[in-house]
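Heads up, the thing below is written out as structure tokens.
In this document, chain identifiers A, B, C, D, E and F correspond to the written order of the chains, with residue numbering beginning at 1 in each.
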């Protein structure tokens, strides 16, 4: 790796790390004022817990040469992970760490305002180990079975977004519906939502344009299509919202942008500007109506993780197979990649669903853990109850 | 372009994109609490709309080889815009896209708290097409007439700041004065103003140090003078404010910093550290008193776009001609560039004024559009009325 | 310096600059609602004042070849500081400028909510000149005595953190205890604390991974250990807090992360991943209990600058001597560096203590200055009293 | 006329105001406060090294409505129904305070008392 | 003594308090509330897929002042003038509530009633 | 029963509520307001070019408690002690307003008046 690529990949890693506080604000702004600290902490604490897990064994499990399904323990504690740019291993491991940090944080949108925080810490460790690391291995490790099959996922449509979306469904289902939200919830701080979306968009350039691991033409192209898909989906959400209500929601704009970013993620190394517009259009429409359909179901995916990341990710994975240029996409007459990506999507859904389910069921019955905060704590707000902090303290109450 | 320059230009593009959410907060903090969502959205939505316009035809109009005054349609949909770093076209097009996004967002400071949002979306499309693209072509395209003349504008003093400042005057004049602001307005959230200014300062390094399109000595020098001018103007504003009131305003500090950044923009590739101090001093004093003089005029440029960006930009363009080193500035005895820059300033003012005026007049009479929100909506606040959202929702009203 | 390293160092400089607004929010969230503007301004204004001082004489004093103890005036006004990347001088000077900006801003955590703002501006100038520049010279200039001795401080454990921590003790002691805080203070805005910590973490990659001045393996390794130590200390604070209270504080998580970042700073170029875990563990435990011990002392270091930066920095300097790899650390059987670092720590403590004390004593007696705001101003809040601004203005009071 | 001030749980306020309208109230306003009663204050961090202090940190919402005296019982009943949690209620469900109002004026028209409500 | 509580439009509050002082009030305090009356609540998003619900989302400001009973008419009149919008007023201009106060104490001096105002 | 509303300095509110509990109050709620009295409003920036305007910008806190009438003197005294600054107090220490309450209902149980406090 030459010094230009090192420069870019260091920055890209920093950008992806910065997405997690961004997510904290995106999610934090959407909840009620009594659960802000809690929601923000779900994301922030992942920067601590997952970093440690990744260094100790996560990276090794995900990228050790263990076979088709899982890595091994060769790189435990980053042993033999060389910092030499010529090798690039440590830089790759760092970059990948940032993906591992944000993925479980994405899930927390589904369980916000009620999931027990201590249990969440254990969940983080288990989920990275048993769900994230294997799927990352399948898709991105040289000996992973989906990689070998030929499935294409440039920057994490399956590993990150579909995975998080499905885990979100499971978690929302198992933890149950929030108390007292039948009349709907207004986001308590819209500027925070926009701040979070702005940081996410900014950081996503690292996420996607960094996934080629070089400062080259591929990074440039990935950058462009990332921005384009986000922009299109933003506009689609604003317009659809206006059609339905006559008003233009800022939260809708932010959600649309994120949906576009999600959908372009797997495709960003493979499609051109026109493909990006198609991906953005599809993402905007599909995720918008996915949210509306979600309302009809019983489960309370509080911040629409399945609709935005799950559906957005699935669409992105399929769209990669459809719009990939260079003779490998459906529009170029080749359905092979699309087929492989369907397999990758289905495998991710199945595995994420089952193993997340098992993990949560176990956590639920372990004495002292359990998934859900006490009713009284939920009513008072998790901030005061579990964190001993109020998000905002007026002058009169220092 | 070598990989180091690619790395830097990708990051610079991301930085400039990040300025737009920064601007959203800078502006959002300055308005009243009932118009925060609206003000933030003016900026945020530009990331959607202008990105799309730029990919579809904006870039082609601005940088196609169409002649002295306007580009052509060769690059529509980014056709034939190569992502190959050796060519650099796509990276340049991306970097320029970020400038196009933020420029109309700057204008919204003048029309905040009353401009109709749906009309604004149409305005964005029209203004980028008919005002921004031509002026960008004049100044930066190889065959643009101001470029050929020899006017120097390193990073957008004319194209971005003077252009936005003049359009702001026109728009503020046509949309009219806000209701109920005779007693002055306190910014509703000072920390947001500082957050916005901090992000803008951070992003501006991409704006200016990226405008040489390489990771080289010019970028380093541009970085230094950018920071220096911002710092000087910040200090000037704080001191002048203290002289007038005995207090040191944080909003003043933030405004001064932005004014310094604006003024150094065109000069950043041409002046040295001492020139930067001069530019910052001039910017601080001129923009501070420009704000005070603005009060005497009838028009309600709500967030001082003309004073800060217009006057700051004009001063910067002239200062480029004065302080440019290497034998081309007035202090080195050469008035030629100064003369060309005067032409560039006047041309930008005239063109921006006239075409912005025409666009807004047309939008005003189109049925269903119109420039101004209903009085009742303005009184209730645009957030609730046009966006269906309150910026902040207290616990008691989820 | 090749273009890749230029690209990285420009970005690293921008990242470190961005830390100062980050710090403004970290600190701003921790104070009471009536002192937010004031607290944020202490940091933000440093971007103005110190930048100017640095360009005019600060850099020259710190890095001119003046001898063992202080630089000279060769580079006043950045004269003869070449922007040529082959030389790298200007890029180094810029990067160092950002360190000089944030260091005095760190101190303000100790004196928040009561220090007089006009005096603070003078203090900034004096402290950079008489305290920061000399110590930076000792440690980092080629002819500095600690550098020659062989003390190792990769990114500023002594110059930045211990220095700020000790100055904080002196300042907190001399300005005295805040009025009316006997019952403890709740941070008024927890999300701001997390936002600040997120930005600091993000920016710290520039701080540490930039301190090798190249985009190379050292930068990669420094990046990894920075992230790891922060993560570990974050987790330690959350767990210790939970043990003591049964709740998991977000402010604690943020503080722990910062403490980890502080401690790894001097060590980041010398330790490996396992060393980073040790540094983080030590930092978490030591700073946590340092805060608890601080309560027993009389002085009101409002935002725990000594506990976090002072103790964290001292631990980091010693840990560098202990865990440095490549045969120079205690764990490799060599106590030499540890010895030198003990000297560096003691010298920094002594010099910072004495000269900060002298500066503040002089400022205290100069007519018109004085260290402390009027009691009435402190009670009303410094925001209104000294800045003429309220941080947040409700709708009802435009 | 009388003023009815109800301190209720924030999460109930939307139900309460709906009930008010149904009970025939002409208007109301709501404000967020921090309260303490039988329900104890809560422990919050007041220092970073795990220093915990009890504060009256529970958010409550005050709903205020002025009505004609004869509507009192209906309104009070409506508030109780909407704000009591569970069958038997829980500590912290809130309190209702009734106090006299001697005059009401509608700004828009200058109408007085009953006509202004 | 009497207490006058005026619910007014936020954008008028600076005018109202100026008028209060001119009318001879010794002091006042203001608070932001959310209100509903003849003026209907507004539609706000309560779900991202364009779900809209009506909420009492209108911001209002309550200005509270305690004055000697004989100042009542002057103060009420001052408030009306300052807070009525346009010639004939508009829906939502606000309401004024007058109620009895039995005692006033100034903390600083312990002075009581009229002397404390 | 009576209602006691005390406008106090925000920095004193924790002391005041402690004193309330000690004086036997069953509950209270606090709210942040902006106030003006003898103590003048303050100058704030209302324009960036150093335009300064006087606003009633002083933050105050209102503590409200409803108690049985016979507790009035003890409660008032407790508030005064807790909120007066220095020996002789300072301008802006605050005011206490006492007014009648005709009825109190506890939502949880439906208990009335004294039993509800």
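The rule is simple: a contact is a pair of C-beta atoms (placed from the backbone, for glycine too) under 8 Å apart; a residue touches a chain by one contact, two chains touch by 3 or more.
What you see is a predicted model, and the numbers here were worked out from it, not measured in a lab.
S.K.: Answer with same or different: of all residue numbers used at the interface between chain D and chain E, are over half used by both copies?
M.R.: Different, since under half the interface numbering is common to both chains.
S.K.: Return the chain pair with more inter-chain C-beta contacts, choosing between A-E and C-F.
M.R.: Contact tally favours A-E.
S.K.: I'd like the Å distance between the centres of chain A and chain B, where a centre is the mean of that chain's Cα atoms.
M.R.: 33
S.K.: In whole angstrom, what separates the CA-based centres of chain B and chain F?
M.R.: 48
S.K.: Which residue numbers or ranges of chain F touch two or more of the other chains?
M.R.: Residues 10-11, 14, 30-32, 34, 43-45, 52, 55-56, 59-60, 90, 99-100.
S.K.: Which chain C residues reach two or more other chains?
M.R.: 2-5, 7-8, 11, 33-34, 183, 185-187, 189, 195, 215, 245, 247, 249, 251, 381, 388-390, 394-398
S.K.: With touch defined as at the start, can you tell me which chain A residues reach chain B in the complex?
M.R.: Residue positions touching the partner: 2-5, 7-8, 11, 15, 32-34, 183, 185-191, 194-195, 197-199, 201-202, 205-206, 209, 214-221, 223-224, 227-228, 230-232, 234-235, 238, 242, 245, 247-251, 253-254, 256-257, 272-274, 277, 381.
S.K.: Can you name the residues of chain E that touch chain B in the complex?
M.R.: The contact residues of chain E facing chain B are 9-12, 14-15, 34, 42-45, 52, 55-59, 85, 90.
S.K.: So in the complex, which bits of chain A are touching chain E?
M.R.: Those residues of chain A that touch chain E are 183-187, 240-241, 244-245, 247, 249, 251-252, 255, 288-292, 294-295, 304, 307.
S.K.: Quick check on the complex: what are the chain E residues that touch chain D?
M.R.: Chain E reaches chain D through residues 2, 6-8, 31-38, 55-56, 60, 62, 72, 76, 79-80, 83-84, 88-100.
S.K.: Can you check the complex and tell me which residues of chain B touch chain E?
M.R.: On the chain B side, the touching residues are 33-34, 179-180, 183, 376, 379-381, 384-385, 388-390, 394, 396-397.
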